[in-house]
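Okay, got some structures for you below.
In the two assemblies presented below, chain A is common to both, partnered first by chain B and then by chain C.
What follows is the complex of A and B.
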């Protein structure tokens, strides 16, 4: 079974984040990037599937910066191929554009199963997998926390976890795109010596991204840090008095239109 | 006959010729059996990888001879046992040499020219008294050891294992080996004296007074009225003695008696810096660490056979003491059983237990949880009288676990943080120097300007919010001492000491390379550390990779300054303080007096805990344990809690003084969790120093 895992680089939240001058995006000049955590789970699930059912695991990543070390780490963990899709992605890329680029790239990469992280920490829209499935005309299941291919490799049973501890099992035809919420086991550790060895002995494949036209989906109209108030006012008095005061405050701050 | 007046004795007294022949035949047989067993062992060691222990043979020989001759390692903190073994050892040596002398005189010199025989006359008299006195010491020493083992029954000799369920193994064969060994030696000694007494009783010559024990026994036989039977009894006793002795020779390589030979070799080839400087992974090695026995060096295989089960490591181990499934002794014994089952060996008496697995050592023969329980405190290596190196071996096995990804989830997270940010707190590297912001002066950036002292601050001191005030106190004291010092700010990385001891060698190399790159560009005369763990790796391990610096711990610098009167103690402190030696400052880097000198200089009354200096008891944080999930046995106090209880045995104790950032965290927690708040105060040494030397606020000189 050929499994493909597209991974995405997201801002490292350990470093302080700054909003750019236009107020629409993060200031990327100070950004440190790391692999999206859900994508680590997607890779882990892929590696576990490979261990039990055989096959290959290919990792794809758009070159949004700092991607090399991440791809080498994926190889050190046990991925067979790592493909860097080069292009003008340094300023970030929308889910729509990413899905189209990935779909094109997948034309040259055999795939029975595509595992994406269910969403990424930077935009939280969780759309790449869905858009990718649409572009490739494949079925898609989201929020998956367990994959079990059926004998013959024509279908797979996937598990979804709902709130309240309820589990659902779905059967999906392969090839399919799955959005992984969590792998069966915690993502494995890549010993540094293995990563360094891989850096010396293996090469990343590079394919240039084709020029694509894609809608932006949603656009960010304003990005801002949460404003912290330096004081709080406690309303006291009877419920009626408090309600009156609240109404007056809402009107004063422009939350109410009369 | 002139022979009658020359002191001497007949070797085969009253022997018919066939019996003499029988004796030689049996001797040859015993030696053959010995050689076969010895060869089995040598064959096993030859399967080990090279260990590079042949360098400085002269120094090694001198060191081993001193340790063996004086019993310095055996007697350390065990004066009684050491003395008993000393008596047995030198008694055995004397009796062995005495036998060899007879062999040379009778079986060699006599055959060449009987006139040249020397085992007679004055020599014989000195020979007699020496062997009798040391022989008596031998028997008394054995008696003392038997009493200790079977009557005193110290905890160290309890063979129960913390890493296996009771009933899943049986060590009665080990106990049988102990019995056989002790009784064999004991009866060899006793029958030797009886035979001598009977011979003297039969042929009493005045010069036999030199055989001080035999002479008295002969008198006793006289009193008992058995002198008439002395001749036949002597012959019978001679044979009992000879059979026991020859039996012992044959038995040596098949039993714990082999320690006579193996332990001398082990002390000869032991590494003085075992554990302090871990073995590097050879360039181009396919995998890190040890998977099977085939990866072991011959010294490690020798280590396995060297263990006499004395249990000193077992008792010293903080993991074992807190209910973790690790005993250094049982780790070695388990591997010994495995090595003999795999490579062959010669021991007769084995532990009986179900052995599972496919030959994998790390995580197989030795369970992963056993390997992860180690705090790398080095107490086992320090306690071992025969030079066994448990700690480096555990690291080699951990390396394999890390390579396989078999590690604790919390630990994995920390390693990923260190790999990414260079610190175990997972904070931005840019924040490493932020603690300096609370200081009234600027701390020099050693990357940008030359400094005399480069202060390697360490992760805990830099990032832990509860320790940063202590770090600032160190800076203020340095400033007060007028030291020209600086730090590396965000150029510093975790030193890697504990990363290496976790078994993540690749990450260690990465950290070390980054630190060396920054250190290489800075201008300084000396490195000062606050963290004893960093101190160890900077001092003992970085040099192997090209980073040879002069490194000292801050207590050494302070002790020199206070001792030299550079800084007067303005306010003498009062009260009883006890000092806890951090493992990495005592056993590893051997700094034990500087902190004590400081405490005394401050005016405190220093009272020692039972275990101090090189015998200090670990807080439980080392070897990456501080980064792992809590796996301790419920109800058993942690090592740090046990240590607080130990300190509280001191009457009127007020301060529990430490000189390691991790210790502050560990012991402040332990005081709370053991419900001893208000009874003892955990102090970092620097707090006391600052309190004692600080001037009134307005006089603090402005720094810069």
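What follows is the complex of A and C.
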């Protein structure tokens, strides 16, 4: 089975996010990017499927900046091929445009199963996987945790997670695009030494992106931190003082009597 | 000749499971009503399924309930539902189509945007219509920023985060007009429903606890979880968690709070090392008293918490547990 995993770089949410002077977009000059965490789950599920069912895993990424190390890391984890799609993506790219670019690139990459992360922190105009499926006229299922290909590889049984812990089991004809919420095991870790070694011994494939017309279909006029009138009252002080204040709060609200 | 009448109807894709309407459906009807007042159009509720017509009686907030029934729609599947909706929407394009940003709605919203070529804004917290211009406010970057966007074109799709609008505003009695619409041919579907799997019962039911202390990825390793568990015990409550803790296999799924976990409403909810992503907040927003401990002063959890502590959990939690125990 040929599995393709498109991965995407997103701002690292642990870092402070700065908005540019115009107030429309992130200030990309200080932005630290990392792989979308749900894409790591998609890759893990792909690698586990390959381990039991054989086949290949190909990772694709648009060159939105800082993708090389991410792609080498995917190779170090066990992906067979890593393809960088080059183009003018440094200022970010809408989900609609990314989907069209990926759909074109997939014309040259065999795929029985496409696994993407269920969503990314910045896909304001929708999730890339679903838009990609629509562009390729393939079935898609989002919020998937659990993929089991049927014997013969013509279909797969997948689990879609609803709220309250309820799940639906669906049977999907392949090829299909699945938005992975969680792999069946926590994503593996590639040691830095392994990544370094892969950087020396393996190569990234590069293909240029075709020109695309698609855009987000909307224009951001303002990007800002949420202004909440009832933001938390921050308890200041040393850990000792803060613990005392919390203790007093819990006592006052009746959480300490037993 | 092209019809140049501006579109002004609002449509809401009704979400339901096992014969029960989801709360988000009412939230969207309330918002849809507000937008329809501005545009002067009708509010349409789009109800798909098999044997679901009876649910229309609960959708009194809408002017018209468009009911589409078919064997292939008996259970939710992304493909058949999307195909049916695309046909319905194409025949009567609304100005705005509201879809829930849920596991079900996610496939529909982006799928419809792709199929119909209508712009989509996801993770929507609010929407305004003024002078014919539609602005959508979407919560991105894990809830850290809000993007206000002007939507292009005559029709737009918005996928709405649960909890964005009051559900009560969309709960109205009254008898909406029911319009039955046959779906397009749905015989070539590539996704088939097999079964629903109900959650397993766990050792504790976190939805019934008065006090929950919830642990997030800030805890760093499984070995540190007892730190937080001890606090929960000292407070006479139970330990719950954010999703990544469960995905790591550190705690069972039954302890997960949030969109794909449990919705909880304890008297006290202490969030320890949890950032407050929209999917987490969805499950605990209703707690009476929320206290958050996080090293990041910009963590979105502080937007819903009543009290916050910006410090290292490893400094504060053991101290606090000690103090509670000896109080």
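Basically, the second predicted complex is superposed on the first by the 217 of 258 C-alpha atoms of A that agree within 3 Å, B and C clash if a C-alpha of one lies under 4 Å from a C-alpha of the other, contacts with A are read in each partner's own complex, and residues count from 1 in each chain.
By definition in this document, a contact is a pair of C-beta atoms (placed from the backbone, for glycine too) under 8 Å apart; a residue touches a chain by one contact, two chains touch by 3 or more.
Every value quoted in this text rests on a predicted model; they were computed, and no experiment measured them.
A:34 contacts which: chain B (first), chain C (second), both, neither?
Only chain B; A:34 stays clear of chain C.
Could you look at A:167 and tell me whether it touches chain B, chain C, both or neither (first, second, both, neither)?
In the superposition, A:167 touches chain C alone.
Of the two partner chains, chain B (first) and chain C (second), which one does A:186 touch, if any: first, second, both, or neither?
So A:186 meets both chain B and chain C here.
Go through the superposed model and pick first if A:205 touches only chain B, second if only chain C, both, or neither.
neither
Quick check on the superposed pair: does A:142 touch chain B, chain C, both, or neither? Answer first, second, both or neither.
second
Comparing chain C with chain B, which touches more residues belonging to chain A?
Partner touching more chain A residues in the overlay: C.
Have a look at where A:80 lands relative to chain B and chain C in the superposition and call it first, second, both or neither.
A:80: touches no partner chain.
Contact-wise, after the overlay, does A:16 reach chain B, chain C, both or neither (first, second, both, neither)?
In the superposition, A:16 contacts both chain B and chain C.
Could you look at A:196 and tell me whether it touches chain B, chain C, both or neither (first, second, both, neither)?
first
Going by the contact definition given at the top, which residues of chain A touch chain B in one complex and chain C in the other?
Touching chain B in the first complex and chain C in the second, residues 14, 16, 186 of chain A appear in both lists.
Where on chain C does chain A make contact in their complex?
My answer: residues 17, 75-79, 102-104, 106-107, 109-111, 113-115, 118-123, 135-136, 138-153, 156, 159, 190-199, 211, 235-236, 243, 247-249, 253-254, 256, 259-263, 267-268, 275, 289-292, 296-298, 300, 302-312, 315-316, 319-320, 323-324, 327.
Touching chain C in the complex: which residues of chain A?
Answer in residue numbers: 11, 13-14, 16-17, 19, 41, 95-96, 99, 118-119, 121-127, 130-131, 133-135, 139-143, 157, 159-173, 176, 179, 181-182, 185-186, 216-226, 228, 231-235, 239-240, 242-244, 246-247, 249-251, 253, 255-256, 258.
Show which residues of chain A lie in contact with chain B when the two form their complex.
These residues of chain A touch chain B: 12, 14-16, 34, 186, 188-189, 191-196.
Show which residues of chain B lie in contact with chain A when the two form their complex.
281, 288, 402-403, 405, 407, 409, 412, 415-416, 419-421, 426-428, 430, 504-507, 509-510
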